[in-house]
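Residue numbering begins at 1 within each chain, and the chains themselves are lettered A, B, C and D in the order written.
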Amino acid sequence: MLLWIGLGLLVLAAAVQVALRRRGGADTIFAILVLAGSAMGIAAAAGVLLDGATVSTTIASVLPGGDWVVGIDPLSAVFLVAIFVVGAMSAVYGIGYMRYDRELVAWPSHAFFALEVAALVLVVCARSVVPFMGAWELMAIGSLLLILTEHRHAESRRAGFIYIVATHVGTLALFALFAVLARDTGDWSFGALAQGTHAAGAARNAVLVLALVGFGVKAGLFPLHFWLPPAHAAAPSHVSALMSGVVIKIGVYGLLRVVWLVGPPPLWWGWTVLAIGTLSAVLGVLWALAQHDVKRLLAYHSVENIGIILMGLGVGALASAYGQPTLAALGYGAALLHTVNHALFKSLLFLCAGAVYRETGTRDLEQLGGLARRMPVVWLLFAVGAAAIVGLPPLNGFVSEWLVYRGLLQAGQSAEPLRLAVLATPALALVGGLALACFAKVAGVAFLGTPRSSRAAEATEPSIWLRGPAFLIAVACAVIGIVPPLVVPVVLRTGSFVASEPVDSSFVAASMQGAWQVAGFAALLLAAIAISALVMRWLRARVQRRVSDTWGCGYSRVTARMQYTASSFAEPLLDVFGRASGVRTHRGATVFHSEPFDLVLDRAVAPVWASIQRAAVRLRGLQQGRLRTYLVYVVGTLTALLAYLVIRGGAR
Amino acid sequence: MTPETATPVVALLLTLVLAPLVPGVATRTRALLTGRRGSPVWQLYADLWKLSRRGIVYARVTSAPFRLVPIAALGSVVAAALLVPLDGRASIFAFPGDIVAFAYALALARFVLVLGALDTGSSFEGMGASREVTFAALVEFALFVSLAALSVATHQLSLSGLAGAPLAERWTSATPALGMVAAGLFILLLAECSRSPVDDPTTHLELTMIHEVMILDHSGPDLGVILYASSVKLSVLAALVARIVWPVARLAPAARLGALAAALVLMGVLVGVVESSMARLKLPKVPLYIASGAALSALGLVLLLR
Amino acid sequence: MVVLALVIPLVGSALAFALTSRGARLVVLAAVSAAHVGIVGALWRTPRSSALNGWLGVDSLGLVVLTLVSILFAAVVSYAIGFLREESPRGGRWFAGCLLAFLAATSLVCVSQHLALLWVGMETTTLAIAPLIFHRHDRRSLEAVWKYLVLSSVGIAFALLGVFLLATAQPMAPGSRPLMFGDLLATAHSLDRAWLRAAYVFALTGFGTKMGLAPLHSWKPDTYGEAPSLVSALMSGALTSCAFVGLARFTAIVFAAGLDDFARPLLIAFGLASLVVATAFVIGQSDVKRLLAYSSVEHMGLLVLGLGVGGAGAFGSVLHVLNNGMAKGMLFLAAGNMVMATGSSAAADLRGLRRTRPISAALLLVGLFAVTGSPPFGLFVSEFAIVTGAIREHHIWVAIALLGLLSIIFAGIGGMLLGVVFGERASGDEGNGSAPPESPWLVSGPLALAAIVLLLGVYIPAPLRESLADAARMLGGGVP
Amino acid sequence: MHSLIEPLLLAVVLTTFAVLGTSRVTACVRMLAVQGALLGVLSVAVERHVSPHAVALGAGTVVIKALVLPWFLRWAMREASVRREVEPAIGYMASLLLGAVVVGLSFAVASRLPAVGGEQGTAAGLLVPIALATLLSGFVVLITRSKAITQVVGYLMLENGVYLFGLTLVDRISFLVEVGVLLDVFVAVFIMGIVVFHINREFDSISAANLVELKES
């Protein structure tokens, strides 16, 4: 019930934007409505999460596929929380963000934004095929319109096109997926489908493969991630925050939902998911390291984090295949928690990046620098986000990565071949190290040192519309990081729900204890740092301090142009990985510059599409305008049919 | 407070006190082996004392991160030390999966250190930071190969389990595998603490430095604390390696403490020997070196998984 | 009642030719269309009504298509009023007259239970629409109408031969009346297999040409490209659907006679061929109306594919007739608005029109998703049913090929339409910045169609569902 | 009356060959008229007992196919001042050979088809293949002749073929339908004639070969 009210408020908010257009007060009312609606939704989701009960309502329908079922179960509740939090914050932020662009008419994009959030809610709440697909496509179209907000730039048009084609391919895969699922029943509600397929082996394999394709595109798994960086770079930052924070997570939701539908997946699937996850994580962060455009860089980090999420998911799938319910719950739970956490800190990072973009007018790292002095609040928030995404304690990123590590290491201790999963642990560590390098680069080059351009030098702190939401998200990151017991048991219970295993209380208790211990460690770390801060204070107080230029190692004075650039900062690391790092480098006597490219989009997808077009052009010859030729086609067809007739026993 | 519960605390304090000795021992050994007298082993104590009374110079461009470097370095190293069973049996604070916490606490210190280096806007420190993150990422990878191997060997998820009592039994059954893992860990220790052959703490040519070049602009107590923190890091890791090679869980508390002190000195000597025996590698070669460490541990891991 | 559906348009057509004042002519046009809609509504209330001792009769399939024709025609008429205002050589006498004659002919196809009569209606549609194609009286439209006439006349001649062969196949039992659909269906098993096969082959070629199945589609791009948009809308929406009715009736008989294994492969082959051709020509297409023509080829392919795979596919394709007709009509009318604004149908010239033609631009965008079978539009339901049918009937490879081709087609259509809707004029000038706002006559029709397509995606009225299911059963299929 | 069928059918074949062979458009049209007349007579001849329906149908056929349409085509030619040559894409000899092939083919196919049920056995036995032959030769004309007008001729021949086949079942296809068919053909040709006329107005020659403006570039 609360959920419906929340949805209603979201739609109402969109209506307000449409009705009031640019009149004063529209934005405020919009913000209030969105926040209220989201609060309702979160309340509804929280209710389900606390007492694990599933609520659902059925709407009679005369379409093929039987009645429509809509409801909240723990799985959708977890995603609902993420959707509403990120959605509301980004919506409010968007109001301030769009005000920077005078000639752009903002109200449609605000309206679309609210509707997009509503569509996301419907996707995770739909419990039967037709409404699910409907909401799914509404979501896709909504994202397209949001990406195209600044469609006067050819860049965003191209991004929108790539996005919509990729996502439509995914939709068609889901098309096939549900067609296979619905093959033997006329009732296409998820409940009925779940009964239908547990038995059938081949069908289940087909479903799982199609799920990897269909939901993989949405989630941006390697190698289906190619639409993601251009789209995230082209969209307005609050849209990027929503897409990267929530929309691509719907792909994860889909995978979990399919697992829930078809029961314990076969081994090959678990291994595949684990492998793809590892690959996406490593390649994603590696390619992120090569970027200079802040938003593209963040987009590649989404690929990385989706990879980490899938590593957890893979562990869960393998564990349930080997019949280890607790480990399965742990893996799925880790995936869920990292989903939520990534939704938080990635949207936080996008919001900060958007503020930088609006203030400096550029997304190119090489043009930034020294922003820490100009916009300290944004810098602080960005630092929090960066530390969180790198997985540093005591922030939320650490908690979920800790869960993933635990899953992998515990898998390593089992007797079955399952223990080979432990081999993914070092890869995860490598990802962590690379992420640290990458965000050291972003934070250091963009915010520290001295400005590399005049625009960077003149940036100022953005309005409260931009800072407020980002601040709240940052607080959420810190709270989850410092008090993990708030969330860990919930996600683990949801994990066992996904594995459709009864929740084992001792396991929950154990996980609760573990969560408290993490909290304890966070406390100890903070205490240690506080103590050493006091020590430093005391030491510094005893000596006299002065300020001078940076030690230039003999050079007369240090200029902004002498600073280390992002390209050169990342170079040695990219060098280690050679061709895989997807970067073209230009070395000169005085200049070192590198331009990244997407190995999949530029090396595989674009060429294939080009060759398809060439083939099509060759076929053009069939339509050369000669009526006699066309008549020949007709008679040719007729002859062929007659031949078929004779072959298939036209004789008496 | 029984001795059993007290020893971990004592061990930690002991480590904190003895820490500056380890690099001293290392440099002294190296000097002796290369036929020089070299500086006394307690040189670092003296340096720290001097630095604590020198004035501080802050570069004009620097901001909060630069000031934060010593605090984070010391704080997180100590927090990490809490998780290590320095006394050979149990750490002060342990929980399943605390190996992750250990590694990421050190990563936190590194993050701040790198940001501080970039804060100065100096190209040299930028260069150092770039090298630091490059090698650290690879070390992280190798480190977790070893930790995974140990966790597979001992069926434990916490450091005090990995390096504590359970390991002792496994040594008898899986000596070669664990040997390789230990060797790999020692190689990583040299890289992580930027000792030769990865880095040369005694060089004075900025272009070849990694760790040193990042703290060029630090001075006075700040520099002192940073140096002290890195010595603590060195000795904690040294103690960890020592515990793995030489499990002493069954000895009496006092003996274990003595073992800790001995282990620290011995590791210092060992580091010195290595440094005297092999020259610093060319930077492009370093990843190869780290990879070799990872390979050793990986071999051990595979043997254990088999 | 059934007869009225034919007589009223005929009378109206005669009036339109007779009347001299344009205003009166438009009134007749609107009145007839309204009356026709009313009659169809009444037919829904009195199912199975028949006339002329059974020569005319309304069965489910006919009723569904008749409804489509009637609604589409209403939309087109409201559009035509605006259209004739903007550009009408010679007061639109031929225009109105032929439109109404076309309505009569299509209604005849839908309601005739006698197959030869159906053929007569089919041929008449060809002849009634030809002068409309020729509306612009220039070289290009001349060429278009010539190709259309020759090709479809030849095709329809084959269809006639098919009818005759079917009559030959029918044993001269005293009870059964020749070529009456109902009797044929009932006594299908007593038909002579050999003649029946031959009849089906010719009928497939003939009606296939009228539907525009590849490789018999070659008239389509030229005709749709050159005809006025509303004519293209009628052809792609109504004419092809009527041809489908003809083919469906033959197919039903063949299936009833137990020749599935003979007919299904043919249908599937035609379907896939049409999809392939559509894919090849949609990619890199530079002209909006030709693009829509090839999209029509694609959807005709889907229709026969649905028939071919059977099962849920049959239901899907009957529903798809409805959806595709509405969506195509809507797209052609929306595109027509833009073409009227610029006088060219080249995509490059239509870019940036969203400023002066915002509603049409929005409609194009909606149409893009509707016509590519995206939920929540009706075409999703029907295409989904077809895919389900293919999988349930173990045509896995057909399903895979279908989905692959659909995704490429989407890329092709999306590439152009997104460019048109969101693109900017190559030459920076804002074009007709001072153009008048879109006239309600010109947008109301397509808007209504869009609403219907959307509605069919979320709600199918019970009686309609019943008729669809009934038609599907007649075509040897079932309800998904 | 029945004995007339075979000679009439053979005459039809001859007219077909004549159309294929002649080099004059007018001659084509004339031959077509003759063919139309033959069809009219045939539609009466196939009947065992002459019925008013059959007579009326035959009369209608003669009027439309032998008189009105040819006259109309000639009018169109005159108005369009069509040059007299047929200008085939392939030589007359070749067309004739093709015609022969087509006739052989149709007899082959017809032999594989079951007999048309009923009393007029042999006659019908000849009727089916010749109907096919006429139809296919019409196609040959359509494809090999490039002039719009000659393509109309080809279409009419094709139509005649179908019509011939229809004669096998006069007793089943009711009169009304036959008339409808006839009228449709009439209107079709009428419109085609108009278009031919317009084509001539727009293009200097009415060679349909010029109509290649619409295509995929």
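To be clear about the criterion, contacts are C-beta pairs under 8 Å (C-beta built on N, C-alpha and C of every residue); 3 or more make two chains touch, one makes a residue touch a chain.
Not measured: the values here are computed from a predicted model.
Participant: Kindly list the shared contact partners of chain B and chain C, in label order.
Facilitator: A
Participant: Write down the chain pair with more C-beta contact pairs when A-B is set against A-C.
Facilitator: Pair with more contacting C-beta pairs, A-B versus A-C: A-B.
Participant: Distance between chain B and chain D based on Cα centroids, please, to the nearest Å.
Facilitator: A distance of 100 Å separates the two centres.
Participant: So how far apart, in whole Å, are chain A and chain B when each is placed at the average of its C-alpha atoms?
Facilitator: Centres of chain A and chain B (C-alpha means) sit 36 Å apart.
Participant: Per the centroid of Cα atoms for each chain, what is the distance between chain A and chain C, given in Å?
Facilitator: Chain A and chain C have C-alpha centres separated by 43 Å.
Participant: Centroid of chain C to centroid of chain D, CA atoms only: how many Å?
Facilitator: The computed centroid separation for chain C versus chain D comes out at 31 Å.
Participant: Find every residue in chain B that makes contact with two or more other chains and list them.
Facilitator: In chain B, nothing touches at least two other chains.
Participant: So which stretches of chain C touch two or more other chains?
Facilitator: In chain C, residues 146-147, 150, 154, 194, 198, 221-222, 281 touch at least two other chains, as defined above.
Participant: Indicate the residues of chain A shared as contacts by at least two other chains.
Facilitator: Chain A, residues with two or more chain partners: 620, 623, 625, 627, 631, 642, 650-652.
Participant: Pairwise, which chains touch?
Facilitator: Those chain pairs satisfying the definition are A-B, A-C, A-D, C-D.
Participant: So in the complex, the part of chain C that touches chain D is made up of which residues?
Facilitator: Residue positions touching the partner: 114, 116-117, 119-120, 123-124, 126-127, 130-131, 134, 137-140, 142-147, 149-150, 153-154, 157, 160-161, 164-165, 167-168, 170-172, 178-179, 192, 194-195, 198, 221-222, 225-226, 281, 286, 290.
Participant: Please name which positions on chain A make contact with chain B in the complex.
Facilitator: 369-370, 372-373, 387, 390-393, 398, 401-402, 405-406, 408-410, 412-413, 419-420, 422-423, 425-430, 432-434, 436-437, 439-441, 443-445, 448-450, 514, 517-518, 520-521, 524-525, 528-533, 535-536, 539-540, 542-553, 558, 560, 562-564, 568-573, 575-576
Participant: Help me check something: in the complex, which residues belonging to chain C touch chain A?
Facilitator: On the chain C side, the touching residues are 146-147, 150-151, 154-155, 158, 194, 197-198, 201-202, 204-205, 208-209, 215-216, 218-219, 221-222, 262, 266, 277, 279-281, 283-284, 312, 315, 369, 372, 374-376, 380-381, 383-385, 387-388, 390-392, 399-400, 403, 406-408, 410-411, 414-415, 418-419, 422-424, 457-462, 465, 479-480.
Participant: Which residues of chain B touch chain A once you look at their complex with the stated criterion?
Facilitator: Listed in rising order, the residues are 52-65, 70-72, 74-76, 78-79, 82-83, 93, 95-101, 103-105, 107-108, 110-111, 114-115, 117-124, 126-127, 129-131, 133-134, 136-145, 147-148, 151-152, 155, 157, 206, 216-217, 220-222, 224-225, 283-284, 287, 294, 301, 305.
Participant: What does chain A use to touch chain C in their complex?
Facilitator: Touch residues, chain A against chain C: 61-65, 130, 133-134, 136-138, 140-141, 148, 151-152, 157, 160-161, 164-165, 168-169, 171-173, 175-176, 178-180, 182-184, 186, 609, 612-613, 615-617, 619-620, 622-623, 625, 627, 629-631, 633-634, 636-638, 641-642, 644-645, 648, 650-652.
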